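Naming follows writing order (A, B, C and D), and every chain is counted from residue 1.
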Amino acid sequence: MRKLWLMLVCAFAVLVLAACSSGSNEEQGTNSNGTSKQGTEKAEVTGIDGIEITEPVEIEFWHAMSGDHEKALQKITDDFNNSHENITVKLVNQGGYGDLSTKVMAAAKANTLPALTQAYEDWMTEYIENDFITNLNPYVESEKYGFTDDEFNDIMEVFREMNTWDGVLYGLPFNKSTQLMFYNVTYFEEAGLEVPTTWDEMKEAAEILTNDDVIAIGFENGLSIGFNQWVHQAGGQFFDEATGEFKMNSEEGKYALTYVNDLIQSGVARTAGEDGYMSGPFARGDVAMYFGSSAGLPYVAAPAAENGIEWSTAVLPSDAQSAAPFAGTNVTMFNHLSDEEKLAAWQYMKFLINTDNTIYWAQQSGYIPVRQSALDSDEWKSYVEENPTYGVAQQQLEYGFYDPRVKGAYAFKNAVAKELDKVFLGEYTVEEGLEAADKAAAKELGK
Amino acid sequence: MEIKLTNLAMDFQQTKAVNDLTITIQDGHLVSILGPSGCGKSTTLNMLAGLYKPTAGEIYFGDKLVNQVEPEHREIGMVFQNYALYPHLTVLKNIMFPLKMAKVNKKEAFERATEMAKLVQIDHLLDRKPGQLSGGQQQRVAIARALVKNPKVLLLDEPLSNLDARLRLEMREEIRRIQKEVGITTIFVTHDQEEAMSISDKILLMRDGTLQQYTTPLEMYDKPSNLFVSQFMGNPPINIYKATVNKELKRVELKNSNVHIPLLGNVDVTKFPEDVIVGIRPESFVSETSSKELPQVSISINLIERTGRDTLLSGKIGEQQVRALISSKQQLGNVEELSLYITEFTVFDSETENSIWYFDGEGAQ
Amino acid sequence: MRQAFSKGFIYILLTIGSLLMLLPFIWMISTSLKTPGEVMSMPPTWIPESWKWDNYLKAWEMAPFLRYTLNSIIVVIVSTIGEIITTILAAYAFSRLQFWGRDIVFAILLGTMMVPGEMLLIPNFVTLSNLGWINQYEALIIPWLASIFSIFLLRQYFLGVPKELHYAAKIDGCSNFRFLWSVMVPLAKPAIVTIALLKAIGSWNAFLWPLIVTQSEEMRTLPVGLTAFTTEAGTNFELLMAASSMIILPMIILYIILQKYIIEGVSKAGLKG
Amino acid sequence: MNQKPTLKDTLIGYSYLLPALIILGVFSVYPIIKSFFMSFYADYDFFKDIVHSYGFDNFIYIFQDTEFYKSLTNTFIFVIGVVPASISISLVIAILLNSKIKFGKLFRTIYFLPFVTSVVAIAIVWQWIYHSEYGILNYFLGWFGISPIEWLNDPKWSMPALIIMCIWKSLGYNIILFLAGLQNINPQYYLAAQIDGASKFKRFWHITVPLLSPTTFFVSIVVLINSFKVFDEVFALFNGRPGPGYSAQTIVYYIFEKFYNEWEFGIASAAAFVLFIIIFIFTLIQLYVGKRKVNY
C-alpha cells in the first residue's frame, strides 16, 4: 500500500516534468505547421467562369438531419448526383447539432474538413474568425454558375441577411424554421375565445384557459436562450450587432421579462422542463397553446391525431411590434478545397434551394421554403391549403429576425440565459435578473 | 553429475543472502541443505536452479560453468514446497509438460510420463487435476514431473513441509527410494534436522548465509564443528554448559555448580582456553557401563517421561538444567537422584564457539 | 422457524430490489410496443393497448442497422481480442518481470485514469487524422486496444499466482512467453473473461467516439443509430425504445453466458492495494 | 526478494509492455500532457496551433468564475451523495446474494443489467420515472403522503435525481466486486464466530466488514474516481443540458462546455488540470487511510 502511494507521487512528479520539458519542442512544431498550412491555402478565387469540372469530383456534406429529414435530404442529393455527371455529393450524418459542431471543430484542427456543412450563424462567425469558410460573392456574381439578380433576390431577405457579414455572403439558407404558436382548437372553442394576436389578449385567454388539468401556455426549454423574441415583440432590442452591445437591460427588456415571468409565476404558463419538448404535453392536452419551432410540426401531428386533439397554428402574438425569430441552419463551404471542388459544392448549394427542392424539402420536413417563388408556386399553395399549419410560418417572414451573430455567441447567450433562468425559477427579481444578465453579457463580450 | 560451488555469493539489495560458499557435491549423492529459515538455503538452491544469478563465485555442473546458463538449459528437475503443479492441467499433462517443452514427440512423452507415474506410484490418478489430489499425491506428481526429462540434478525445496507427520515419514522414504533407483544427484532443502539426518548422504548446514559444516549426518551429529551445529542437530537438544578448564586437574568445571567432568584420554589441555562450553547430548548419559573410564555425574530428577523406546529425564546437574535419554528397559522406580555416566561430549571454545575437543568414550583426540 | 423467517425476509428484500432494478427496463420494452399517442398518454399504461410489434421493424428501417450491427460486432470482437492481448502482455510484465522503471511506468499509467476522457477526444482525433485512419476501422479500434484498468485488474490476478509456478515452468524448459500463454493465461481465464466482458460492454455502448471518427454510414456503429430518432424538435420515443431494447439485448445475453466466470475473475484479482 | 534487473531483463520487460505502452502512450499519456500544457497557453490559436503567449490566465479565469465553483460544489455533492450510498447499498445486496439462496444467479443478472445498458438509452426512461405529474417515483412517494417532487424541473432536486440514477446504474458492478470479495473470506471464520456466540449482525460487523476491507477499499477508489468524472449521466438525463438553471453542472460538464461549446480550450484544460489534482489528492488520502484501516 505504501508503495503504491509513493508510486503515485512519483508518477505525478514525472507527469509534471514531462509536461515542462516538452514545452520547448512545442513552438518549433507549430511554426513548421503554420507555414505549410498557409502554403496549401488557395489564392482568392478569381474567374469562376473559367473553371470547368472535367474530372469526377467527390465532396462531402456534413449534416445533422435524421429520420425522415435525412431521407428527404438524401433524395434531393441523389437527384443532384444523377443530374451532374462529374460530381458526387456524399451525405454524412454527424448526429445532433452539438455532435456536428464538435466534429467540425475536430476536423478543423486535423485539417480534414469536408466541403460543406450545415451551420448556425453563430458557428459561422467563429468559422469566419478562424478563416475556415469561403466568400461566396464571386460565385453569386459568376455569370456562368451564379445567380441572376432575380434569382438571388428570390431568396428571402431575412435569410440572405443572416448569411451576410460585412457585405460578404458566407452561406445559403437551408433548413429554416421559425417560432409558431400551436394551439388547441377545442379548448379555445369551448372557452369561446379567439386566438390571441396581442400579449394582452394572450394573458386574458391564459387566465381563462388555465384550470386543474390544463396550463394555458407552454414554452420550450430554450425560453431563456431564445428570449430575444419577447424583447423584440416588446419593441426593444436584445443585442446590437453593429455596436456589439447587449441591449436587453432596458425599459422594453424589463417589460418583456416582467410579462413572461408573471405568466409563469401566476401559474398560467410553464416550460417543457422534464418533458423535453412541448410537443408531448401539447399532444396530451396538458397545455392549451405553446410557442415552439415550426420544425416540431410532425412531432405534434402524429400523437395529437391519435389522442384526438384538434389543433392548429397561428402567428406569434405581438405587443409593440410583430417579431418572429428565424432559426435553423445554413449551408456553408469550407475554403481548403480545390477550385473544382468549390465549384461542385457551390452547384450543390444552389441546387439544394432551387424552387422545386425547397418546396419538396419544406413539405417533407416542416421547415420553411426559402424562396419567394416557392411560396408563390401553385404546388406549395395547394399544399398549404391541405396542411394549413404549414402555411403560418411564412406569414411571419416580413418581420423575421435572427440571433445575434457575435463571436463567442454560445457563451454570451448562455451566460445571459442562466441569469434569466434564475428569474423564472424565482431566485431573482426581474430587476436583479436584468442587472445580472447585463454583467454576465459584459463579461462574455469583453473576453 | 558432480556439482562444485566455489566462493559462491548472493547479495540482495541490502542483505548478503549467501556468503562465500565453497563445496563439492559428489555424483549420485543426496545432499541436504539445512538451516533455520533465512539462512540462505533456498537462495543457494535457487542459484543452483538458475532462478537467481549469483553475484559472485562459480557453479560447476560437472566441468561446465553454468553461472549464465538459464534454468531450462541446466538439465535439472525441481520440486517446490507448494509443489507448483499447474492447476489447470491433469496429472498426466503436468508430468508431460517438461517433455512438451522439450518437443519430445507425443507418444514417447506419454510413455515416459506413465513410466514415471508408475515409479512414483500415481499411475491410477493420471486424469485427475491437482486440486483433486491429497498433499502426498501432489508431492509424487511434482517429483514425477521433475524427473521425467531425466535431469542430471534434482532439486527439492522443502518438499515435505506441507505434509502431516506420518506422510512426511512415508514421503521421505519414497524420495530416498526414488533417488536411489534413479541414481540422480539430489539437493534437498529443509529446516528439519531429523529429515536431513535420515535422508542425506551429506548435510550442508548454513547459518546467516554462511556454511557451518558440510559432512555426513553422523559425523555432523557426533562431531559438530561448532556450537551452532551441535545445537541445531538433535532432538531433544544438546545440553550446553558454560565451564572453566582446570588445567592442573585436567577437568572442566561447570559454572554455577559443583560439577566437574574429567578430561580423560589423550588430550592436550594446555591448548585449551580458560573458558569453554561443554555440550552433552541427552542420549550420551547412560546408567550402566562396561568401561570404568567414563566420567560420572549425579542428576537430581524432576520429571520422567516414558515414550516407549526411551525415557526422558529432566532434572538438574548442580544448578543447571539437564535432559537425559536413557533406555526404557532401565527400571527407575521413584528415584530422586541418579548417577549417570557420560559416554560422549564436546568441548567448545566459548569465544569462537568452535569445537576444540570431542570425547568419544575412549577419550582419544 | 427463525431461519425460515430471515430467509423469507432476504427474498422479499431482493425481490423488491430487483423490481426497482428492472422497472426502467420494463418501461423501456413496454414503451417500445406502443403507438406514438400512447407514449404521450397520461396516466401511463404499463401494458400497451395494442402491441405494435412493427415498431421494431420500423426502428430497424430508420437507419441502416444491419450495417451498424455488423460494424459493432467487428469493432467489439477485434478491440476486445486486441485489448486482451495487450493486457495480458502488460499485466505479465508488471506482475512477473523485473525491469528498470517498472513501478514508475505503472504509476503514470494509473494516473491517466484520473483524467476525464472528454479531454482526449480532439487530440486523439487529430492524431488519427494525421495517421489517415479517420473513417476506418482502425480509428474505431486501435485507440481502444489497451486499457490501464484492465491491466491493473489482470496484474492483481497474476500477482496471486504463486511464483514457484513460474520457477517450475522455467525449469521445465518453458520460456517466459510460453509460460505466459500455456500456464498464466489458462489460469487467469476467469479474470480475462471478466475483462473481455467489461470491454465488450464498453465498446458496444460507445457513442461519441464512433460518431466523431467516422464519416459514413458504412462505418457507423449501433449506438450512433439511436440518433436517428431524435431531432431538434422532438423524439420518436417508441422507436427509440425499440431500438434501445434491441441494442442492449446482445450484451445481456453475453453477460448471462459468461457470468459464472466473472465473480471468480474479480475475486482472484485479489484487490489488494 | 527482488534481484536487481539487468539491461536484458529491462529489454525483455519493455518488449512485453510495448503494445500497451504504444497505445496508451499515444492515446492517453500524450494527449493528457498536451492538454496540461494547453492550460498554460494564455493566448492560443487552437486550429493553427500557434501559442502567442503563456501564463496563468486560464487558472486565474477559472478561479474567478462562479460557474466553476458551482460545478466544483456540485461535483462534491455528487461524490458525497453517490460514493457512500452506492457502496453501502451494494454491500448489503451482495451479502444478501451471498447467503445461500435460490435464484441467486437470476438476481445477480438483474442487478447487473443497468451496468450493461447504455446511459443514453436508459436516461430517457429515467426522465419518465422522474416526471413530476405522472412519473412512477412520485406515485410511490404519494403512498407515503409525500407530495409530488419536481425532480427535473426544480434546481433543488436535480442533483438528487442525478444521484439516484447514478446509484441505480452503479450498483450492479459494485455488487459483483463485493460478491467476489465475499467469496475470498474463509467460511471457517464464521463458524468460529458462531461457536463464540456472535449474532448474525455481530458476525457481519466483526468478520465480514474487516475481512472485506480490501475489496471495499478498491471499490471506493474506483467509484470515487468515476464519480469525480461524471458527465454522460448529466448530459443524458437533462437532454444535453446540466439541469434547470445549470443546477447539475459538474466539473467535467464545465470542461466539456468550455471545450466544445465555447471553444475555450485553455480554460477547459486548466479546469481539467484542477480536476486531476483534486482526484489525485483524494486518491492519496484514500491510500493513506486505506493503509491504516484496511485490515490486511
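The definition used in the following text is that a residue touches a chain if its C-beta (ideal position, glycine included) is under 8 Å from a C-beta of that chain, and two chains touch if they have at least 3 such contacts.
This one's a predicted model, so the numbers in the text were calculated from it and none came from an experiment.
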| item | value |
| --- | --- |
| A-C or A-D - the one linked by more C-beta pairs in contact | A-C |
| Chain whose Cα centroid lies at the greatest distance from that of chain C | B |
| Whole-Å gap between the CA centroids of chain A and chain C | 36 |
| Separation of mean Cα positions, chain D and chain B [Å, integer] | 57 |
| Whole-Å gap separating chain A and chain B, where each centre is the average of the chain's CA atoms | 90 |
| Numbers and ranges of chain C residues touching at least 2 other chains | 42, 108, 111, 122, 235, 273 |
| Shared-contact residues (touching 2 or more other chains) in chain D | 2-4, 32, 280, 283, 287, 290-291, 294 |
| Multi-chain contact residues (two or more partners), chain A | 1, 4, 8, 12, 15, 96, 102, 105, 109, 276 |
| Chain B-touching residues of chain C, taken from the complex the two chains share | 162, 164-165, 167-175, 178, 183, 186-187, 189 |
| Residues on chain C engaged by chain A in the complex (per definition of touch) | 35-42, 62-63, 103-104, 106-108, 110-111, 121-122, 125-126, 128-130, 134, 208, 211-212, 215-217, 224, 227-236, 273 |
| Touch list for chain A against partner chain D, complex | 1-2, 4-5, 8-9, 12, 15, 18-19, 22-23, 26-27, 29-30, 33-34, 37, 96, 98, 101-102, 105, 108-109, 126, 130, 132, 221, 271, 273-276, 408, 410-411, 414, 418, 421-422, 425, 427 |
| Touch list for chain C against partner chain D, complex | 6-7, 10-11, 13-14, 17-18, 20-25, 27-28, 31, 42-44, 85-87, 89-90, 92-94, 97-102, 105, 108-109, 111-120, 122-124, 127, 142-143, 145-146, 148, 151, 176, 201, 205, 207, 223, 226, 235, 237, 240-241, 244, 247-248, 251-252, 255-256, 259, 262-273 |
| Of all residues in chain A, those that touch chain C in their complex | 1, 3-4, 7-8, 10-12, 14-15, 60, 65-67, 69-70, 90, 92-97, 99, 102-103, 105-107, 109-112, 114, 177, 276-277, 279-280, 283-284, 286, 292-293, 295-296, 298-300, 302-303, 305-307, 366 |
